[in-house]
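Here chain A shows up in two complexes: once beside chain B, once beside chain C.
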Partner chain A sequence: MSTVVNEVRKGFYLDSVALMRLSAEITSMGGIEEAVLMIGTPSNLQIMQDAGVLDSTGESASPNDLVIALRADGKSNANRALAHANKSLEGGALKSSTSEARARTLRGSLTAYPEANLALISTPGTYAAREARTALELGLNVMIFSDNVSLEQESSLKNLARQNDLIVMGPDCGTAYIDSVPLAFANALAPDGGNSADATRTAAIAASGTGLQEFAVLLTRLGGKLTHGIGVGGRDLSDAVGGLSTLTAIDLLANDKNVDQIVLISKPPGPDTANLVFEKLAACGKPVVACVFNQASDSEVTGIRYASDLRNAAELASGETLDRHDTQQLAQELTGSLSASRRKLVGLYTGGTLCTESQLILNRAGIKTTSNAPAPGSSASDSETAHRIIDLGADEYTVGRPHPMMEPLVRVSEFEQSLDDPSIAVILLDVVLGYGAHENPAEAIVNSMQQVTDTKDKPVVIASVCGTEFDPQGLHQQRDALTASGITVCNCNVAAAELAAEVINQQS
Partner chain B sequence: MSANDLIKNGPRVIGVGLQGFIDDLNSQGQQAVAVDWRPPASKDLNVLAAAESLSSGNLDKMIAEANDQAITRMHTAEPMLVDVQLAGDVIEGLGDHKILHAGPPVEWENMCGPMQGAICGVIVLEGWAKDLQAAATLAGSGKVEFEPNHHHSAVGPMTGMTSRSMPLMVVENKTFGNKSYCAINEGLGKVMRFGGNDDSVLDRLRWLESTLGPLLADTLLACDGIGLKNIIARGLSMGDEMHQRNVACTSLILRELAPTMARVAEPETAYEVLKFIAGNDQFFLNIAMAMGKAIMDPVRDINGSSIVTAMSRNGTDFGIRVSGCGDEWFTAPVEMPRGLYFPGFSEKDANPDMGDSTIVETIGLGGFAMAASPAVAGFVGAGGAADAMAYTNSMAEISYSRNPEWTIPAMDFAGVPSGIDIRKVVNSGITPTINTGIAHREPGIGQVGAGVVNAPLACFEKACVALSERLSSS
Partner chain C sequence: MIRSAVLEYGSLAQIVLNYKHGNIIAVFDNSVYLNGGDSLCCLGVESLVNGPVNIRTRLSNLSALRVGDTWSYTNNRLTLGQLYNCDNTKARLWSLPAKVSLSRTLNPGPAFTDCITLIESRLLAEGHIRNTLPGVTNSLTLQRLNYYQTLIAKSLLSPGETEQYTVPSELTGLLGCGDGLTPAGDDILLGVLIAAFHFDLPKLADCLVTWLKQHAEINTSQISYAHLLAACEGQAIEHLHAMLNLLTIRMNRSDLNTEGSLKDQTEKVQPIKSQLEQAIGTLIQHGHSSGYYTLCGVLLVLKHLAGTTLKKS
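The block that comes next holds the complex of A and B.
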């Protein structure tokens, strides 16, 4: 049964909008048919009368009073609502949202942060070029993490950037370091760029991704200091793009007095672009190391030191040598308990450049590999009988799924299948740490290792961890967990691939 | 910020997309902010292509020049309330059997209930039919001509009725010499702008014509008009946003009028008129609307400009006009307001949004100046002062400029967003927020609540395509 309850607060004023909000809030309480809070002017009293919420108490209100008028299902509901109303009124103000409003557009954000100098774009690819163009027009440099940006869009954005003294990193630029600050998927360097103040200060230009990460990690471990790592995107050195961002980066690094030497990490450039880029590098006035995968030695330019792989690049850049294990002896120990029928190799990679590098190392050791992302010398045919090196970050594995660097479970089924396969001698893995990567990538691998029931005859598992002690995951924690589960952990990807190659060669 | 600046000073990042990258930077003590990014609202690729072509390269440069000119015209306007005159005397061709209404063009059969109700009231008021029933028959017979106020330098709130015998307030833009008109605010409750049409409504209109109108005219003539820009500036600092809340500006204009009125009027008449104004918190709204029209009319038809010159609704459609597209209307079905209702009413009683009062948002007030008026933000629902600020900030994202004279103290005297840019609306998917009264869907009942409504994105999409076509063919 409906009950009407009124209360009058003498000499109380609150803004009518605030009162309407409170009225709506109380009406929404259970058991309340209508709640009206109004100042007692004659016209307001009439409105309350018409709404059927006024009783003789409310009728007595003057224009200086507040009327709380309720029509409720029963007395107790009415009293509850009355108490709530009074409590809210005592509180003075009504609930206010404390949400900090963020701008919906780049322009809006730039108003709030006018000192900004870089837009980091990671929208779905369809929208990335638009946002990048807006950023360039607003005078911002751009790092495009997104993929699926067309070649035409890439060229046009990079031309626009050059006209405006800006740089575009990417598209598909997973990693960059500016002033030693890691951007997107990147490992934490030692504070202040790592190591002693008098270390040679190196800047890298890379297609970007795990190639730059591995180089940064190894350089830091060898005592070098990385000031910048500029990711230019995998197509920048093609003749279609003409190395626009690479050329800008060379100019920038040549003129930066905090850079002592420049390292270029890339796939072989397009022939026209190669001349342009290497001539500019040779003439930049600073020492240059180039790590160009599968570069023919007859196309080398004088004045540039060429590195055969990422470890070699880090060694040339730092002047130090990374520890080597005795590969032959270690392989003998590993193959000791391995049955002779195990002959095949499987590489399960989360990092694209690391996957490429392994293929090159294996090919160099005379082992033919196939891959879904074949490096020069590998074949694309995915035959079950061959040695397979798989890039789990390639499109066919990531459609509708997270990248395996973010979600290690993506690798689990392939890994466990390989562990159970009696023809497999060695499984080669990468474990990438750093910002953007999963918080504990070793865990899923260790769990799979513990599933193996036949502990006597199982494949050799070899891994390398791309990470530093400063990474959120912690390098030694990850290494220790892998080692404890029976995995042989090498100090870099090259060493891991070389060891895997030796295992295969000893088995055949 | 050149690439060199990036290398020299280190990265100062704005993130567009994944929030985690920005969180990582913040966790390392790096200053970085993330855009609250979402995909464009427009699904139509032609629309996105048009907006993009208008936002880049030479077209962007040309449009920027045109928009600079548009903003200069807006900001150099000198609107003054100068007179009150009968509509039939100042609006050309407004004679018998012709009624001006709010919004873009609409025919009788497509009008909403309150609009039809108001039309019938006007027909009786003007004596073209003896009662409301006869009026409805006449209106449906095709013998009454309907036209938008906007086609005649006029504006009107809600139904926006303008007919020959109504007294209209006259605002003159002294810089450009143009004049604009708006009827006198009738007060709250049962009124014609909400479709009310009974004797009490018509009697009040007759009193406005016979008493208030002439006295206001005498007063304005005697004091050489009243400058409006300063009143707005002060009203903003006193909590008005000039659409939902006009209590400060109404008080300020009353203060301007009262001394002179005391001199030119009989005491009893002055008492009646001042009492009427003092009893109506929204009296100033109609003056602000005429002012808005007077400011925006000189901005019409600047070749290439992407600035909105009018936003208006007729209860059926929402329409906008864009400077670079002349007098063409871009319309889409009007949306329902969201807000708070007076006791005894709810959403199911509400009429779709209506009125020319959106001219106030077109000049950067109303929903655009929400931060000046946190009390009004409550109409959104759970909004507080922070939400009010957010509304104004997001309106700044779709505006070309800010008004240097109309500032908001609570935002460190930032100017209100000025000049809605259709490109920014389409590119961001943010549509103008409008503070509005809610009319009952049945004629004659009046206002049942107040709230906010958004201008439909489709109006801006169509305008972008049209502007792009005009500029590519010229």
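The block that comes next holds the complex of A and C.
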């Protein structure tokens, strides 16, 4: 039996398109015979009356009211449709779906979102500095995702920011966390930065990308909580820039009551900048952990705890220790099937900092490496006999191609060549998960593994996965897929590099 | 608070600002309606069309404002809901484009027919897209709109020899008839009224103005009423005035009819025709169907004008 239900919304205006779309949506619902959403003018009320959808509630409407009038097969269908209409009208769904704000300029964006205090700049590098300056002049903090910003521009922007109590993150800042919100390439940490409310709240200052990601992942895996991760860009601590953003970050974090301790992750700073930064860190009034790759011990500053690598930094910050495997024994198991002629190592990295960290660990283990992005102690020369650690995210691999974190196929040809190379003993890989990364980075690696025909004599493949269970790709799914294909998966990049070093040393 | 600037405002919007403060009564993504005393104006983003009740600003999105938020206007600064502060010092008062009048020596014929055909074909094409064609669906609203347009043509616009225009009482059913902020019926009436002003039909205009002032307030929404009141002053959005001017230019150039030489066709007729087509298209695109129905109103007057002029000649 037909039921008529009306609702009147006093003084409610909605544009015609939204009204008609909602009207059509409701009419298409099951059990709805007729649905009309109109302003309650006498003429429209007459139309509703003639259409048999008006009841006494609707009759009371004025020309400035919206009338929702329904005729349905049964009361429950009518109520369901009415609930749908109300939800659409109240939830703003109609508004946002008609024309979501798409500002074309920073100024326009700020007008649309006046509460915003940060601009993320991701334009071609040529235009990034100009946009960043505009953002700073509008009073916004800036994260420059773009690269190819000159040193002079970087320095000028950071000076402008510091004069105005703002911060510039980047250029080439691929990762950041602000108030535990991941920006750009970042892993999804547990809600609210991870773990329990009483966990020590850590803020990290890092160059730009996978170093911060690996630290954030390991810290939260160890029960720590990351409140902020500020990417200052790879050149910030050079003497040319003078650590301007790092200094601002220290000021901000020192005064942030939601930060209990500060972690600095970086390459060795320029000598002048090092003094400024470490003195400021030591005097900031909060515990500080510094993970400065290849830092000479005689330059360490009292009051700062120094970490040798990212795992160590996470352990110092959390007070917990990451599980260790018996590297020696595991290496023995892995070398058992390797022919004696296999002596070389190749590392195929998508993350720049992870690539650097591996070189340092291998060098520490007495293994000389070459790299297209050489860390201190490594060589740039690419000799046939050397152990090679390749940063596949470097410009020479990414010009005109997507970054390997986004497109794992970029690594495939190098990986398959290495699998076929009878001199290679170990292939070392990183697999980076998180927002912005490929939806299934393990897949391409697994496919390559499955194509190896000689299953008895093949290189050992060792990988680490930088990710969390909250990441869109899922940590355990990626780990399981790699393990099932015969890859040894370690719980962090340090552990993977240490295991690779042990395998090479046992083969020598 | 975001600082921005007012670019242009209409004369009736200025009256609202003169009240110094009021409330926001409706919020859309790109515009809001402000009340001041009994008057309303529409404040919007840069792409908002100029018009008598409109205020164009450099703001790009207004959806952060809420119905009931207050506005104030002091020292040439317009503050909206404590979110936006718009400087009005460099703003321009919008004025109607200079009117192009119909030539007294008008030679009716192909030019009139050409314009009517052009508008009808555009309405037909758009009607299929917008589902606004009477008879296309069984919608009671469309049937009603069709009925009232016929009533306007046969009654209001058929004054007989005395040229005494009379609004049939039944036409109040067209006020507030249809969806949206400015119901289709109001848009049709607005088109008729502005065309009456434009084509110098003062008796028709006077009669409609008197009738609208008596009946519109209680029969339609306050937002639509604000636009109708502006129309009673002979003012509407600039797209409409621009289109009417181009229409008049085309009709005044009756020498440039479709039977002209190939040279004339190429050099003289086509540029005017294409400008006119563009202006019609711009008007039709205004709102969801506001521009469309306004053009329907203009067409009614144009046909009336063609009929009377042809009869006289």
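A few points about this structure:
Simple rule for what comes next: the second predicted complex is superposed on the first by the 407 of 508 C-alpha atoms of A that agree within 3 Å, B and C clash if a C-alpha of one lies under 4 Å from a C-alpha of the other, contacts with A are read in each partner's own complex, and residues count from 1 in each chain.
Heads up, the rule we're going with is that a residue touches a chain if its C-beta (ideal position, glycine included) is under 8 Å from a C-beta of that chain, and two chains touch if they have at least 3 such contacts.
This is a predicted model, so every value here is computed, not measured.
When the two complexes are overlaid, the chain among chain B and chain C that reaches more residues of chain A is B.
In the superposition on chain A, contact is made by A:D256 with chain B only, not with chain C. In the overlay built on the shared chain, the residue A:S122 is in contact with chain B alone; chain C does not reach it. When the two structures are aligned on the shared chain, A:L157 is found in touch with neither chain B nor chain C. After overlaying the two complexes on the shared chain, residue contacts for A:Y13 are found with chain C alone; chain B is out of touch. Using the contact criterion defined above for the overlaid structures, shared-chain residue A:L106 touches chain B, although it does not reach chain C. By the touch criterion defined above, A:N64 lies against chain C but remains apart from chain B after alignment on the C-alpha atoms of chain A. By the document's definition of touching, neither partner reaches A:I445: not chain B, not chain C. By the touch criterion defined above, A:A184 lies against chain B but remains apart from chain C after alignment on the C-alpha atoms of chain A. With both structures placed on the common chain, the touch criterion links A:L140 to chain B but leaves chain C unconnected.
On chain A, the patch touched by chain B and the patch touched by chain C overlap at residues 15, 17, 20, 38, 43, 47, 50-51, 95, 98-99, 101, 103, 105, 107-113. On the chain C side of its complex with chain A, the touching residues are 1-2, 4, 25-26, 28-30, 33, 58-61, 63-64, 67, 83-84, 140-141, 144, 172-181, 183, 185, 218-223, 287-290. Of all residues in chain A, only 15, 17-18, 20-21, 23-24, 34, 36, 38, 43, 47-48, 50-53, 93-113, 115-124, 127, 130-131, 133-135, 137, 139-141, 145-146, 161, 164-167, 178-179, 181-184, 188, 228, 248, 252-253, 255-256, 435-436 touch chain B in the complex they form. Those residues of chain B that touch chain A in the shared complex are 1-18, 20-22, 24-25, 28, 30-31, 33-40, 48, 52, 55-56, 60, 189, 340-344, 375-376, 378-379, 381-387, 389-390, 393-394, 396-397, 424, 427-430. On the chain A side of its complex with chain C, the touching residues are 11, 13, 15-17, 19-20, 37-39, 41-44, 46-47, 50-51, 63-64, 95, 98-99, 101, 103, 105, 107-114.
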